[in-house]
Amino acid sequence: MNESIMQDNIIQLKDLHYHYPDGTHALKGITITIPKGQVTALLGGNGAGKSTLFQHLNGILKPSSGEVFFDGQPVDYSRKGLLNLRQAVGMVFQDPDNQLFSASVYQDVSYGVLNLQLPKDEAQRRVEHALERTGISHLRNKPTHALSFGQKKRAAIAGVLAMEPQVLVLDEPTAGLDPKGISEIMQLLLETQKGMDLTILIATHDIDIVPLYCDRVFVMDEGEVVLEGTCGEVFAKREKLRNVNLRLPRIGHLMEILKFKDGFALDEIPMTISGARKALKNWRDEKA
Amino acid sequence: MLNTDTYAYASRLKAIDPMQKFIFAFLTLGVCLWADQMVVSIAVIVLMSGATIFFGGAPFSVWLKLMIVPMSFLVIGIITIAINISRDVHSFLWAYSIAGYWVGISESGIREGINLFFRVLGSVSCLYFLSLSTPMVDLLSVLRRLRLPKLMVEMMGLIYRFIFVLLETAATMLIAQNSRLGYINLRTGYRSMGSMVSVLFIRAYKRSNELYTSLEARGYDGEIKVLEETYENNKKLVFLAALINGVLIFLALFLK
Amino acid sequence: MSKRIQLFVGLVLMMFLIPYKASAMHIMEGFLQPGWAISWGALTIPFVVLGIFSIKKTISLNPRLKILLAMAGAFVFVLSALKLPSVTGSCSHPTGVGFGAILFGPTAMAVIGVIVLLFQALLLAHGGLTTLGANTFSMAVVGPFVAYGVYKLVQKFKGPQWLGVFLAASLGDLSTYVTTSIQLALAFPSEVGGIAASLTKFMSIFAVTQIPLAISEGILTVIIFNALASY
Amino acid sequence: MNESIMQDNIIQLKDLHYHYPDGTHALKGITITIPKGQVTALLGGNGAGKSTLFQHLNGILKPSSGEVFFDGQPVDYSRKGLLNLRQAVGMVFQDPDNQLFSASVYQDVSYGVLNLQLPKDEAQRRVEHALERTGISHLRNKPTHALSFGQKKRAAIAGVLAMEPQVLVLDEPTAGLDPKGISEIMQLLLETQKGMDLTILIATHDIDIVPLYCDRVFVMDEGEVVLEGTCGEVFAKREKLRNVNLRLPRIGHLMEILKFKDGFALDEIPMTISGARKALKNWRDEKA
């Protein structure tokens, strides 16, 4: 492996297969590389294998065959190796009630940090910082069960951020949130990514957020990666997306129809509102 | 369902070191039990409910509701103790004879009943002082400081959190069943409750697995360690608590 | 004479029909004298310690079980907060004693039980701190051991599973309240007739009235186990 | 109340207030009428009071003050009255796992029907019909926990449809589904509405589906109804929507920007893809 790849990619999966104990072949030869310092989306319908894949990234599951590389090194499944990996790759699960085990927000956020065997004041500093970053400092003395769903999501994220990971992996971060909640949590993630120099990986089937917040996309279906590339590259493969229970972002869908059915001579098919504005203005100006 | 914890979080006494509150409540409870005298009991009721309502700011209506909770046990218990059966009518103040026996109440029975009534309310007001001023999370830290086995305190913390998760699920499932007329008669009621409880159990099982996975993802190593918030430790309050209980003890000794 | 009998019957009926809750059947805070409170506490501690050691051993073999046991504890709490459907409309709660004892064994139930009882005392004002020992002894020691023993006995004699579950749950429930009656009788012996007379009184109030509820809990537990088996 | 209102509206709420036992004032004077035979959406952010409102519609909750009318009659909270109401107003909950209890799909779908004490053959007919309508006949003998999420949603709907209600109330029917699942379930609901002459009420914060599938919209915020009308009317109040944690459908947002910022002289602001096409084509044709 050469130097340049080691710098650019933080996680690499090579021909990863996974069979569940009941025999289900959940992952069928996944080979992907996750670029450092970007926001990558893992798109796929229900049951495509996104969650199974995620659990390989911090060693919760061990591949049946194939390899996982972190920062250029194959994952070490010893006790110590796993602890290091789990510090470096933080996981936020879909249902915060499955992640928050303590009735106190403060105690819950401190749990992961304390597993790192840091001096107490450093641990405290990290907890404070995570609470602040996720905007829940004022909830520290509230009982977990009194939090709203969105606040629980933030608490779950804080508990992982406090460990100061290099990679943040989130399973359906927008599920169950209302539109304002979605944009707030995505904004929070983007800011955190910049502020803490993180790599972020998001599994989702909320397609409309992908072109807005993500740099790269992998599309999964039935345990395989069927598409990958930048948002533009992936969303250009419209037919393939539809075959795997997905669709274009709504804006993209409109632009596609305008271009191919209604004869608007657009150069490309933009996926976001700002992209669509530009394309339509260009088209108007060219016509004028 | 009553849940005192909500009010404990809102209490003005919340910030006080829970250990102090715990010792104060337990000491007073002990004195109230030991003294076993109406006057002392009433003093404790006034003191503790005053502290809970005036200093803590717990709503009076909530406190009243809590006081009513044990009433049925108390009334039934006291009646059972006070009523006696005997062949001898002279021991009773008031009695009926049935098939050669006398069923009735004696003077000492009444005295014991009244004493018990106030002793129980006094003790209960100590318990409520604690539960309306100290959230469970704080009480757990007291137990930890009292050197209870780690595993025990850990389990308590987990159980406490899970209770709310499961209660929410159970409540939603009961609503769903009621919407489909699941409790329309006794037979369907039992069937519905049985299936609800079994589904709840399986959900609890699955949840425990998922929670374990997420604990592992944050580096679980067999023990759940967390940071504790610090509390204000007020020497004046320690003195006050000792003084109050000293006075109560003298009062009891004087009356005895 | 007949009038007096009528009055007596009326009095007894009134006691039977007062709609009190099964959860109010925990001995409440302050009801036991210090001597009894401490004695029952001391008697209970070894069982809880035994339970902790047995849980520690299980967990060291499979760490997942810690979370599962905690979930089970929360489950028992929630179960005891449910209202059993009943004919009269008065509400009663299952104890979960038999269910827990069959699934997790009586030693683990001692630990789960003491925690659940403590939470019930602090959060719901059912039971108390000074009576925690006595309540744990009846509900988390005697009840589960009886339930577990009955279940194993029926198994040994190759009785059907439903019968084992039914008897375990009902007798577990019932033995809990028989124990409560004994505890109360010991603490409050009658002026005339002493402990025996007092026991008769408490049994008729706290145990006999519990019989229909014990049967209800037995039926419910059988339904739950059948549903679990079909899963 | 005159004859015509009784025919047009199936549910009416008059100045409904609800306080939870802990004192929370969850509904603050709700007055709405639900028209018969239409699909009505109840939009609102998390915690706006949608679920609390729904539980008043079939008598699970009893208002603290105010009245609920069904079919022109005030709701009768007696045992028998509730039985009739709950048969007439079917509720589908957000998480199907909270609604499925039985060992097999068939048993679960028949659960509510059996509680209606119908003759056995009538009950069977209804169950068959519901299984067919929701397209899960082939899953009848499967255990409910072996179903996919989308199948579970269908089974939950089937169990309610089998009771042959007049009104179907659904809490977040699209939550947790992937794009294909969403369009399938909404299609199913529309067909059912026509086929069984139902009134459908949907609580959602998935704004993009509202203009596609719903006839009327109520917008809730903090226990109050703040907007109501047709989709066109409600989505014209853009500022108000944003104030209550919602937004325009994405297409609508694009069209709004094009019209007000980019100077496209559109007549109106369409909310759907087909509406946007028409508007943009009109605009092009007028210009040309």
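Should a chain be cited, it is by its letter among A, B, C and D, assigned in written order, with residues numbered from 1 in that chain.
The rule is short, and it goes like this: a residue touches a chain if its C-beta (ideal position, glycine included) is under 8 Å from a C-beta of that chain, and two chains touch if they have at least 3 such contacts.
Protein names from UniProt, one per chain: A, D = ABC transporter ATP-binding protein; B = Cobalt ABC transporter, permease protein CbiQ.
Just so it is clear, the model here is predicted, and its values are computed rather than measured.
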Quiz item: Between C-D and B-D, which chain pair is linked by more C-beta pairs in contact?
Solution: B-D
Exercise. For chain A and chain D, let me know how many angstrom lie between their CA-based centres, rounded off.
Key: 31
Quiz item: chain A to chain C: how many Å between their CA centres?
Solution: 49
Self-check item: Approximate Å spacing (C-alpha centroids) for the pair chain B, chain D
Solution: 43
Self-check item: Multi-chain contact sites of chain C, meaning residues that touch two or more partners
Solution: 227, 231
Quiz item: Can you list the chain A residues in contact with two or more other chains?
Solution: none
Quiz item: Where does chain B touch two or more other chains at once, residue-wise?
Solution: 5-6, 136, 158, 160-161, 165, 195, 199, 202, 207, 211, 215, 220
Self-check item: Chains grouped in pairs wherever the two touch, ordered by label
Solution: A-B, A-D, B-C, B-D, C-D
Quiz item: Can you list the residues on chain B that touch chain A in the complex?
Solution: 5-6, 9, 14, 135-137, 157-158, 160-161, 164-165, 168, 207, 210-211, 213-221, 224-229
Self-check item: Contact footprint of chain B on chain D as seen in their complex
Solution: 22, 55, 58, 60, 83, 86-87, 90-91, 93, 95, 97-102, 111-112, 114-116, 145, 159-160, 163
Quiz item: In their complex, what parts of chain B are in touch with chain D?
Solution: 6, 169, 172-173, 175-182, 184, 188, 192, 195-196, 199, 202-203
Practice problem: Over in the complex, which chain D residues touch chain A? Could you list them? | Solution: 44-47, 148-150, 175-181, 205, 207-208, 245-247, 249-251, 253-254, 257-258, 261-262, 264, 273, 276-277, 280-281, 284, 287
Quiz item: Once bound in the complex, which stretches of chain C touch chain D?
Solution: 227, 230-231
